[in-house]
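This is the structure I want to talk about, given as structure tokens.
Should a chain be cited, it is by its letter among A, B, C and D, assigned in written order, with residues numbered from 1 in that chain.
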Amino acid sequence: MQASDDAFSEWTVSRWFNTERDLHLADLRGQVVLIEAFQMLCPGCVSWALPLARKVHQALGASGVTVIGLHTVFEHHDAMQPHALAAFLHEYQIRFPVGVDAPRAHGTMPITMMRWQLDGTPTTLLLDKAGRLRARHFGAIEELQLGVAIGQLLAEATPAPVADAPVVAPAGGCTEDGCALPPQP
Amino acid sequence: MQASDDAFSEWTVSRWFNTERDLHLADLRGQVVLIEAFQMLCPGCVSWALPLARKVHQALGASGVTVIGLHTVFEHHDAMQPHALAAFLHEYQIRFPVGVDAPRAHGTMPITMMRWQLDGTPTTLLLDKAGRLRARHFGAIEELQLGVAIGQLLAEATPAPVADAPVVAPAGGCTEDGCALPPQP
Amino acid sequence: MQASDDAFSEWTVSRWFNTERDLHLADLRGQVVLIEAFQMLCPGCVSWALPLARKVHQALGASGVTVIGLHTVFEHHDAMQPHALAAFLHEYQIRFPVGVDAPRAHGTMPITMMRWQLDGTPTTLLLDKAGRLRARHFGAIEELQLGVAIGQLLAEATPAPVADAPVVAPAGGCTEDGCALPPQP
Amino acid sequence: MQASDDAFSEWTVSRWFNTERDLHLADLRGQVVLIEAFQMLCPGCVSWALPLARKVHQALGASGVTVIGLHTVFEHHDAMQPHALAAFLHEYQIRFPVGVDAPRAHGTMPITMMRWQLDGTPTTLLLDKAGRLRARHFGAIEELQLGVAIGQLLAEATPAPVADAPVVAPAGGCTEDGCALPPQP
């Protein structure tokens, strides 16, 4: 497990499926969160990573675990557009929320995948109730080990709500996604 | 098994993958032929029908069995166009020839699927060395039973080559694919 | 999960395998304990319960989980004597400690199985670090769910050591195993 | 496949299960025969060889394939006596005939196993309708390949019945099983 003191950085999603409103990691505090980064034409994602995510959703969705799929397309972009993903989710009966990782204007890797420095698909990420990244794994994952990791996070106390941080005007500057204008007078 | 005295009707394929030249059933006489009609977003096709077809190809391809995939898209057409199929075949490492069942101008079912009156995907068809349909099965198929059926067809004598049939001018008339002109004087 | 405030009652074992000394639950405080009650000729035990117990032993044995097999023979006694169990454990490469639940002088069910009121084999029991029974399950068990339960128990604090209970002279009386003599003057 | 012109040598069975009368290979002419040589405490036998034999029995038993189990115990003899085998067959719901390969007076390997020069368990043997050995395989076997081999044998013509061979008085002499008395006047 990799621990971090800070809340994990948000995703950037261009479109959601299986949810009526946009989701943000900040809204999921108090939940253990499993994020499955996948591609619909990735054999390992289809044969075991998504079935395992679905099993977690069905078995633990009512017990404090939120499962989120993130469609992180970094190859065969033409074949994995959102309309194709919609067909895939329908045929494979995937019911948990799935967000499309927003493509960048240039480059093959989408925004969130790059921000989180994922190695490929499938990558499974586990966040604790305070929103901190506690585990990430690229490739095949043992069901038993995943269960143990989730159980340990479920057993942790729910963090106390934090007072709203004061609003700070952005200082301007560039991220990989673009450059923000400096604060206007 | 369903037997038929006549050679099975040909497919109508708009594009081939994994073969340098167009294939015709008539060219496969002397071979036992397994045709796997599938869709790339059909879960049963992906999880067991195509792996089983691949296993037949690898184990028996050098022993007189030809495996052909037929992409019979009858739903989610936008998501299963040939460029998407190409990505799928690449990612799933499918090496045997795959033909795209030619779409009709109107209607959801492609030409060959309609001609053969398939029930859906996956459908597995077995042809004997004389090109006659000997078995067809829609849905899950037992590996043992498929092996027995193939073994029985392999054990049959190769039919003697047939003298070319005399060319008969078509009588005219319509099929579902279109209407042929009557014989011209 | 079934919770209990008290430490779980000990097993009564007539012979141990894979351990040089007798084991007692009381010696395993501080460990999460998985007990797999099985019979060597029970198909479900052989096909999935023992492989799962072995997986827990291999993956978590160094992380605070002790796995114990208990051979609770209640049928086909002649075929499942300790010498047969020894051959079975050797062939199936089971390395964690296995105790033979001591047979009763009369009746088909062995002592511990009766004391614990097990429903049959396989039965999986989970004890927390304080030695309390926290979960028991007869029959097929989901690997994910087992992992979650273990993870939750692992996350609990280790109980403080308890001062030795004062020795109390037994009051005499009968249990199913026999009748103890009353305290002698 | 290994072919042989002659009928395969008979087994020597000390006790049968799941059949009311003794079985002899000579009585099975006209049938394709699958013989599964196994031991009840051999993990590979239990996990896949016997389930596959059972599948053949269920799927093809009415179509000309006879399945016979042969319990060829060459280790842990004490744990695999006939009364233990009876319990095993009951618990694993094996319904096809199973013969106990007769032990030799000395040596660990039983009579038939030695006569047939088997390498170990599980060994799968296939005999054609004329009683000739056509395939034998030690260890894991592909379900597809087994099906193909059975299908090929099923497709062969049933051999014409042979006139009873004239009764020839035994010449006497020794085999590994013992020594026969010379013909008596």
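Assume contacts are C-beta pairs under 8 Å (C-beta built on N, C-alpha and C of every residue); 3 or more make two chains touch, one makes a residue touch a chain.
These numbers come from a predicted model, not from an experiment.
Colleague: Which other chains touch subunit B while also touching subunit D?
Modeller: Shared contacts of subunit B and subunit D: no chain.
Colleague: By mean C-alpha position, what chain is farthest away from subunit A?
Modeller: D
Colleague: Where the CA atoms of subunit A average out and where those of subunit C average out, how many Å apart are those spots?
Modeller: Centre-to-centre distance between subunit A and subunit C: 40 Å.
Colleague: Return the distance between the CA-based centres of subunit A and subunit D, expressed in whole Å.
Modeller: It comes to 57 Å between the two C-alpha centres.
Colleague: Which positions in subunit C are in touch with at least two other chains?
Modeller: none
Colleague: Please classify the inter-chain touch graph. Allowed labels: line, ring, star, complete, other.
Modeller: Topology of the interface graph: a ring, with each chain touching two neighbours.
Colleague: Taking all chains into account, which pairs touch?
Modeller: A-B, A-C, B-D, C-D
Colleague: For subunit A, which residues count as touching subunit C in their complex?
Modeller: Those in contact with subunit C are residues 52, 55-56, 59-60, 142-156.
Colleague: Would you tell me which residues of subunit C are touching subunit D in their complex?
Modeller: Touching subunit D from subunit C are residues 41-43, 46-47, 75-76, 78-80, 83-84, 86-88, 90-92.
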